[in-house]
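Pasting the structures here.
Here come two complexes built around chain A, the first alongside chain B, the second alongside chain C.
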Partner chain A sequence: MKKKEVKINFFYIPAILLILLFVVRPFCETIFISLTKWNGYSSDKVFIGIKNYVDMLKDDRLKRAFVNTLIYGFASTFMQNVIGLLIAVFVDSRFRGNNIIRAVVYMPIMISGLIMGYIMYFFLTYDNGVLNDMIGIFGYEPVDWLADGRRGILFITLINTWQYAGNCMIIYLSGIQSIPQMYEEAAVIDGAGTFQRFRFITLPLLLPAVTTAVITNLIGGLKLFDGIIALTNGGPNYATHSMMSYLNSQYFLAEKAGYASAVGISTFVLIMVISLLCNQYFEGKSIEE
Partner chain B sequence: MLKKGKKMLALGLTGAMVMGLMGCSNSTDNQDAAKVNQEETEDSNEKSDTQDDTKKDVLSDNQDGGAEVENDVTLEVEVGYTAEALEQFREVIDDFTAQTGIEIELVTPGADYETVMKTRMASGDMPDVFVTHGWSIARYKEYLTRLNDETWFEKIDASILPVVSDQEGSIYVLPVTQGMNGLSYNKRVLEDASVNATEIQSMDDFKEACEKLKEKGVTPVHIGGKDSWTTAGLYNVMAPAFYTAKGCKYPSGDTLKDGSFDWDANGKYLLEEIAGMVQAGYFNTDFITADETSSVIALGEGKCAFMFGSVGYVQKAKAVVDDAEIGVIPMPSTMQDGESQYMTGEGSCFGIFKDTEHMEQAKQFLEFLALPDNANKIMKADGEMPALDGMDKEGSESYQAYQESINSFNVCYDNLFDREYFPSGMWSVMTDAVMEVFMDPEEQGIDRAVSLLKENYIDKYEAAQE
Partner chain C sequence: MNRIKQKSGTERNWWKYLLAAVILIIYLLPVYVVVVMSLKPMTDHTSRLLPPVEIYLENYLKVFKNSNILNAMKNSLIITVGTVAIVVIAGCLAAYPIARNKGRLGRAVKIFVLGVMMVPGMSMVVGVYSTLVSIHAISTYWGIILVSAAFGLPFSIYMYSNFIAAIPDTLDEAAAIDGADVLTIFFKIIFPQLKPVTVSVLLMQGVSTWNEYGYSLYILQKPDMYNVTLTVKQFFGEQLKDLNGAAASAAVAIIPVIIIYLFLQKYFVKGAIDSAVKG
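And then the complex of A and B:
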């Protein structure tokens, strides 16, 4: 067997250096900080070993943030993909105005998560909120929608779904359009109906697109931050925090930089494990062309 | 091979995204540098002291049109102003540049000001001049230049001087305005409910007033609990009436300062009062989810009677409703014969980074800000009260409202409660404690809030002693 020739492409070097500088080095420093007690700005760091990680196990607020993170990640991803796929199939057919629908569905992505959160906050406020004004027309009393943590989680998930469903739509649309027409034509000749063609031809051939859409949206949902800060600020009483927004509150407000770093490292591991598992799952399902 | 590559790519991307929040927060090298800098503070301060006489001459010359200070430099100035206040401050710095030729690079992180400053402290990358937002001594002192020998030092108002001075009497900021905390109220709303603000001398009087307001269908107190500082602010304004003001019910100033405060026995009193206010329906319905802006609007529009916090709300409420009549009163005492209290703190206070490369120009900038015309513009921008002699006190609506109030009350003054009696870092804990009570104004909620305060107070107090 011939030995593989080892080649170094020098074009990689700038990227590798940047990753070392801006990802690997901060990552290593974060691991060190997670082993210390530090307020985030003073020159004194006290090494305390793995105490921050042990404290995480006793932190009820973190447990809530952990569950919320999974909800934001998985529920948003599921809904984004279902909605995105349906819209992609719909706008793939030729009809007047389908470009407008594509633009409208994709448009929320262009707004930053923070701005979207503030827009939705004004939509949902108790006093002069758009939603309360609307239900007021039908004679209902105004509701303080975000005062209940569970409702807050629901709204954050729905808003995240709505904002990024367009991303899935684009991925699926390009996936659908890259499927060779001959498969469809052969299936039509064989007498397959619309649903059967979708189930047995389109969907299996879309699996690479599904992998991309699921993993990118899952990572996005698991690291959700800005929309939460704008909409609920993690409240009421920490009920809607994700791991990321909780990390932020611990680092900058509670001045527990060491603890926040431990949360950050744990979040990194969580997202990495989930992403790799998903990747592995979809790779197992993919069809060799 | 391709699969492995994909995995590595996924791993790298995941790491980059997660670390986006964490990565740029600090640097060990910079921390070491900060430590070295800290050790050098005394030296550099001493050096700057010996040079001050010379500098003063140079600065004065420059004010008169001389050109001995190099002006081909750019000062980085970081402030927390936003919106109209920021525009007014820009006018001041434009005038400075026009007069001196020194450029100003203005950094304005807005609501993230404190977060950004903490990050910059951690990395040792401080702006030349920055606003200290109440923390010139407790947090920023080690990064600041001693300023006692500046020409404007003699003009500092006596009420703010102790707040910005350390134990040796050194100051590290130019205080242009000072914050005063108490209760702001809508005069018309109180009149309509037949409540005389000057008769609110105790907490019992305050609760009686709230009952009258409720009967009239007006929200007695508006609070925007979504913005964490408002709930912490409520604790901060009310705490002195219970623990530290003259003639208060549970005097504990000394034990709070020396770390021996008995949280189990005394920590619950204030929280019980807040819980009682929640149960009595004194707060707006959406007190958990409203924001501070909606509180200011409610005060201006007369939809609520009171707001706890800075007297700067007077100007803010008037900005919402031009002809709103807003007054202020000090925090009423918990005892009938106790003294009401105003808490004094930093307003717009500007400090100079001790290692700035442009010390002369930065001092010149502060001298420029201390000129009455410029200081008045800043006072108009932040809505707080004057902190320098010679400023236009009549031009400050907050000051007018404050002046109106002091003759009707037996008033005592102190620094902001948390700055004086709590270790640094308790602000968010106060937020959490009050929110616990808001969510569950029963015994369990109060107990949880006391535990939170106790645990963090002890932890941070011990850390401060190390």
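And then the complex of A and C:
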């Protein structure tokens, strides 16, 4: 028996080896690079201690990217969950074709975030943009939507919400469908209305689903990258960057690999802390119930 | 009688069909706009909402002739198949002892895997890049395959170990008493039962590798190694004036994915549910 247990441990080897070589080692290397001044390709790597991290505190563009990251994370998560839950309730309400709605709402998740960003660009251009065409019908003048940073942030958040709301829908739909029918029936007998049934039966029983939906989408929003590259490339004037896309611009445009690594490590810490806090918050809630 | 009942049901539900139509339009409009644009010449300045007066296929000819889109599809396919194969095989192998060994090592590996699963890949892209430079893996298939597999593995181990834990171990034990080897037990008894979860892992990992952009940007530097996303990016980046040509490249990239999704929709949805259920 003992021998079997030892033997079975060999099964770990391929996976653990790959993770150590291509996740853990690069992680340590990123920490090391974040303590150096390096342009990303030369052999000239100078150790400068925590200077990159100190510089981050003085970098206004990074502060903007930090705030944007929180907006992309929390605002998208909030909207994705509300929209996803509403569509899930709607799809669950059984009408002919409800499966088509489910399939179509989940579809954008299949498409690369980068390509989706480019597709949305067709909606937002000044000349001939679909959105300008639409508001033109009502007599409004065309707008250069992406020329303004705040509007850029709004559109990136909306597109991210739209593209990934299907994920929440699926999670909530499977949650709703796993609630035993008898609870609803008992509530109907007790005279509970539709809203009351939703508020006092469906919603509390969905809490595990809420936890999953919130945390996965939050992580997704906080590390948003390719959609931004496609739509605004962080512009105008660094106004719409997330931490991840800012990292990318520091690496490629500014050739500051050391600084980019420091931004990366900080983003890593930020995402870890936020997701752990969230997990704890929801765990506390589920004990209360 | 029945018909009257049905009719009144549809009438009562009219708002549902209205809402369904609104959702459909919101979700299908972008795909519609891309297809419409790809079928119009650059000189056509009619609204992107209007269908083309006549179908103009030049954009597609340009995409297939003047770009490496077919080569890029081949690259994406090789990278995706390689990654998925490793993620499936190494994933279910590692998941088996996690699910069966309740000892300290099993628990430690599980915690390690869950921790790695939370790591946002792009945050350490510089370290990944410099690791790959040191082993001469930039612009190689094996370089990007091993990196994608390493980042995909935690998720697959997590899915497989939840699934295996639900398979009663009486069968393994009976086989062990009969003198079967651990490898035999795994491949003869456990592996055949993993089909449903393997389909989920395969589809989830397949889509994410196919659509990958961040790492590819750093690792696939030679143009003849570009994958589909990098090739579409070229269209939008360098030829921004030719938005119709770019639309055709985007359409070529997304339509195969959408078709596969429509056929395998049921499995994708199941995969999404499996991956979301907390273990």
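The definition used in the following text is that the second predicted complex is superposed on the first by the 269 of 289 C-alpha atoms of A that agree within 3 Å, B and C clash if a C-alpha of one lies under 4 Å from a C-alpha of the other, contacts with A are read in each partner's own complex, and residues count from 1 in each chain.
We take it that a contact is a pair of C-beta atoms (placed from the backbone, for glycine too) under 8 Å apart; a residue touches a chain by one contact, two chains touch by 3 or more.
These numbers were taken from a predicted model, which means no experiment stands behind them.
Chemist: Please determine, from the superposition on chain A, whether chain B and chain C clash or fit.
Modeler: On the superposed model, which is not a single observed complex, chain B and chain C clash.
Chemist: Between chain B and chain C, which makes contact with more of the residues in chain A?
Modeler: C
Chemist: Using the touch definition from the top, say if A:Leu253 reaches chain B (first), chain C (second), both or neither.
Modeler: It touches chain B, and chain C stays clear.
Chemist: After the superposition on A, what does A:Ile219 contact: first (chain B), second (chain C), both or neither?
Modeler: Touch partners of A:Ile219: chain B and chain C.
Chemist: Thinking of the overlay built on chain A, is A:Phe268 touched by chain B (first), by chain C (second), by both, or by neither?
Modeler: Touch partners of A:Phe268: chain B and chain C.
Chemist: Scan A:Ile33 for contacts with chain B and chain C and give back first, second, both or neither.
Modeler: Both partners, chain B and chain C.
Chemist: Quick check for you: in the superposed arrangement, does A:Ile171 touch first (chain B), second (chain C), both or neither?
Modeler: second
Chemist: Once chain A of both complexes is superposed, is A:Phe282 in touch with chain B (first), chain C (second), both, or neither?
Modeler: In the superposition, A:Phe282 contacts neither chain B nor chain C.
Chemist: So in the superposed three-chain picture, is A:Asp144 touching just chain B, just chain C, both, or none of them (first/second/both/neither)?
Modeler: first
Chemist: For A:Asn237 in the superposed arrangement: first (chain B), second (chain C), both or neither?
Modeler: Only chain B; A:Asn237 stays clear of chain C.
Chemist: May I ask you to decide whether A:Phe78 touches chain B, chain C, both, or neither, giving the answer as first, second, both or neither?
Modeler: neither
Chemist: Can you check which stretch of chain C gets into chain B in the overlay, out of 111-119, 165-173 or 201-209?
Modeler: Looking at 111-119, 165-173 or 201-209, the stretch of chain C that collides with chain B is 111-119.
Chemist: Chain A residues touched by both chain B and chain C?
Modeler: 19, 22-23, 26-27, 29-30, 32-33, 40, 121, 125, 127, 219, 223, 225, 244, 247-248, 251, 257, 261, 264, 267-268, 271-272, 275
Chemist: Flag every residue of chain C that touches chain A in the complex, lowest number first.
Modeler: Contacts found on chain C: 13, 16-17, 19-20, 23-24, 26-31, 33-34, 37, 45, 47-49, 86, 89-91, 93-94, 96-97, 100-101, 103, 105, 109, 113, 116, 118-120, 122-131, 146-147, 149-151, 153-154, 157, 176, 182, 186, 207, 210-214, 217, 228-229, 232-233, 236, 243, 246-247, 250, 253-254, 257-258, 261-262, 265, 268-269, 272-273, 276-278.
Chemist: What part of chain A is in contact with chain C in the complex they form?
Modeler: The contact residues of chain A facing chain C are 4-5, 7-9, 11-12, 14-16, 18-19, 21-33, 40, 87, 90, 93, 95, 97-98, 100-116, 118-123, 125, 127-130, 133-134, 162, 167, 170-171, 174, 208-209, 211-213, 216, 219, 222-223, 225-226, 229-230, 244, 247-248, 251, 257, 260-261, 264-265, 267-268, 271-272, 275.
Chemist: Report the residues of chain A in contact with chain B in the complex, numbered from low to high.
Modeler: 19, 22-23, 26-27, 29-30, 32-33, 37, 39-46, 121, 125-127, 144-147, 215, 219, 223, 225, 232-233, 235-238, 244, 247-249, 251-255, 257, 261, 264, 267-268, 271-272, 275-276, 279, 283
Chemist: Sort out for me which residues of chain B touch chain A in the complex.
Modeler: By the definition above, chain B touches chain A via 3, 6-7, 10-19, 21-28, 31-32, 34-35, 38, 114-115, 118-119, 121-122, 139, 142, 225-228, 284-286, 288-291, 294, 298, 424-425, 427-429, 431-432, 435-436, 438-439, 456, 460, 463, 466.
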